[in-house]
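Okay, here's the structure, questions in a sec.
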Amino acid sequence: MFEARLVLEAVKELITEANFEVSGGGITLQAMDSSHVSLVALSLRSDGFEHFRADRSFSMGMNLNNMAKMLKCAANDDVITMKAEENSDVVTFLFESAGQGRVSEFELKLMDITSENLGIPDTEYSATVSMPSTEFQRITKDLGSIGDTVEISVTKDGVKFSTNGDIGSANVICRQNLNVEKQEEQTVIDMHEPVSLTFALRYLTSFTKATALSPSVVIKLSKELPVVVEYKVADFGYVRYYLAPKIEDEEMEEQ
Amino acid sequence: MFEARLVLEAVKELITEANFEVSGGGITLQAMDSSHVSLVALSLRSDGFEHFRADRSFSMGMNLNNMAKMLKCAANDDVITMKAEENSDVVTFLFESAGQGRVSEFELKLMDITSENLGIPDTEYSATVSMPSTEFQRITKDLGSIGDTVEISVTKDGVKFSTNGDIGSANVICRQNLNVEKQEEQTVIDMHEPVSLTFALRYLTSFTKATALSPSVVIKLSKELPVVVEYKVADFGYVRYYLAPKIEDEEMEEQ
Amino acid sequence: MFEARLVLEAVKELITEANFEVSGGGITLQAMDSSHVSLVALSLRSDGFEHFRADRSFSMGMNLNNMAKMLKCAANDDVITMKAEENSDVVTFLFESAGQGRVSEFELKLMDITSENLGIPDTEYSATVSMPSTEFQRITKDLGSIGDTVEISVTKDGVKFSTNGDIGSANVICRQNLNVEKQEEQTVIDMHEPVSLTFALRYLTSFTKATALSPSVVIKLSKELPVVVEYKVADFGYVRYYLAPKIEDEEMEEQ
């Protein structure tokens, strides 16, 4: 339940409506943000649910803000059940309090949404950075108060985030750091070749709405390819964000 | 003191000015909200005050927001005294800190307010529901995020709150529940005959501003009569709200 | 670091840009607010810094909001270093995390600001009141909800704050109070002659943004002179505010 809300919070700033694809294997969702710049992909495997049954594969178009409104009506320790009948135009959320003194039934109207499922090829990335998700959130927020874009550069020594703005400039360097007790507090840099790409900060900042989902974030970079920013959902899924690099940056690099 | 502020918070969203009726027996207030849809009645018995003296009965017209502004100027552990002289056009609030290092005197201008005291007949209600006030607050808030009106239906099994809106519909059923340790956490349903009435949610939501006053709320319903929503003020008074049911509902029931 | 942010919060509501004067002795700043009514003076001695070196005296014009933006990018336990090169048009803030896993470098553009350093003569004040800073903050906030100006009157018995407004009036009397354990909770009145002056409340309220800097505030009053409101910065500096009394008050006193 808790995770259902966190997942929604993680994606509803970027996308307002989306098709949830349900099958025996679980639930997936893929959608571009309204400005068609970034892509969100969500996957939740069926074995992560206490109980999961899907007799056939189908798609449910939902307004994510309305879905979030209804999920907010569940108390934290309620048992949540989501039910959808074949050919129904609603999905039902059932919230039962411990002891079942209160039973709430919320029906959300479904929508027809034209979806455009993009195949995302599996790629070998030039550099993969794993770092604490709160640190990545803080850096995008801090740099966002100075400039509009961020250059992310990975060398074997560390990852550098740089920005420029009217009031000045900023550089944050995070070094590889394996000497911490918890694995999720480590900064791990896995680099095949150095890479330096520039991105719009406001999208990266939106991606960090997923910070509550996972203590660490994985960032994958390759020249001319969209960056992948990935947050695990417990041990049964993920939210991934894709964002194309700024062309200007490419040009600057070629000079 | 603490209660004085809570009582004000409980009523000042609905009514901005009102006559406080003071007599040897205590303080009462009765006023309709500015749209003349709901009625608020407050009663505080004199024995609930540490010290109370009224040589005669009189009425003090006050702007509740201004009164709240002045009461906010008292520190939590100040001793508060309210004083009014005969024929004066001000009421004085005296706040004394423990040890009396600080003494504050606030004078609030009184107003002439035309009051219209309605006699509220004592009625035998079809159904009386007592439930945790936070639960009632949560339900009105949750349903208010879906629809504009709520149908409250009481049967011997429980009380059902239902709403409908553009995004979908919702139903919350609370069953009688006596198996909890504290009396104020019980849901008790006392029903002579089933009753089902529809109300504007935004008024019910305003009534729940009184939630901090009492852990439980009592809701009294009878066909074609205004609902009564009652919160106790410690053991020496109450705030009661009255709201007429929607006529449309009556028509729907008759069909 | 913590203090650097508190000092900025204390002054940036009143002044948006200012010249920081740096010399071997420390850092000072003096500026009038944008409406040229009140004056802020800041002084931080060099011995209060962990490490301080200034090879020559110079002035750095900064936008305080932009400076605050950059200082917000330091984590609470970062080591902060401020660096300025001769003839540079930027100042550099360096934030290093414990263990130096993260190193951030923020460059803030400097500005040319015409400064008008006023000599403030040392004066023997008629009355000096030292009181808990939170109490002074609370009084200016409370009276500000009733009226626009406050009359501050000091007699040997105490200090009285009075205001008048549309909704009524208010008086708060604080008596000398030496019988408290901590010195900063004392109210100490040092009076050569009684004094009564009237000030615009909104400036006093702005001054109390410095409350977090020090548990006590010192208020110095003399007829026809600006009031001084002083907050200590740890044991190595101060923030002082100056505000001229209202002329109307002088006239009223003369009647």
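Which chain is which? They are A, B and C, in the order written, and residues in each are numbered from 1.
By definition in this document, a residue touches a chain if its C-beta (ideal position, glycine included) is under 8 Å from a C-beta of that chain, and two chains touch if they have at least 3 such contacts.
Computed from a predicted structure; not experimentally measured.
Chemist: What rotation angle, rounded to the nearest 5 degrees, superposes the C-alpha atoms of chain A onto those of its identical copy chain C?
Modeler: An angle of 120 degrees brings one copy onto the other.
Chemist: Pick same or different for copies chain B and chain C, depending on whether their interface residues overlap by over half.
Modeler: Different residues, largely: of all residue numbers at this interface, under half are found in both copies.
Chemist: Roughly how far is chain B from chain C, centre to centre by C-alpha average, rounded to an integer in Å?
Modeler: For chain B versus chain C, the centre distance works out to 44 Å.
Chemist: Two or more other chains in contact with one residue: find those residues in chain A.
Modeler: Nothing qualifies.
Chemist: List the residues on chain A that touch chain C in their complex, please.
Modeler: Those residues of chain A that touch chain C are 135, 138, 142, 145-146, 167-175, 177, 179, 187.
Chemist: Mind listing the chain A positions that touch chain B in their complex?
Modeler: My answer: residues 63, 66, 69-70, 72-73, 75, 90, 99-109.
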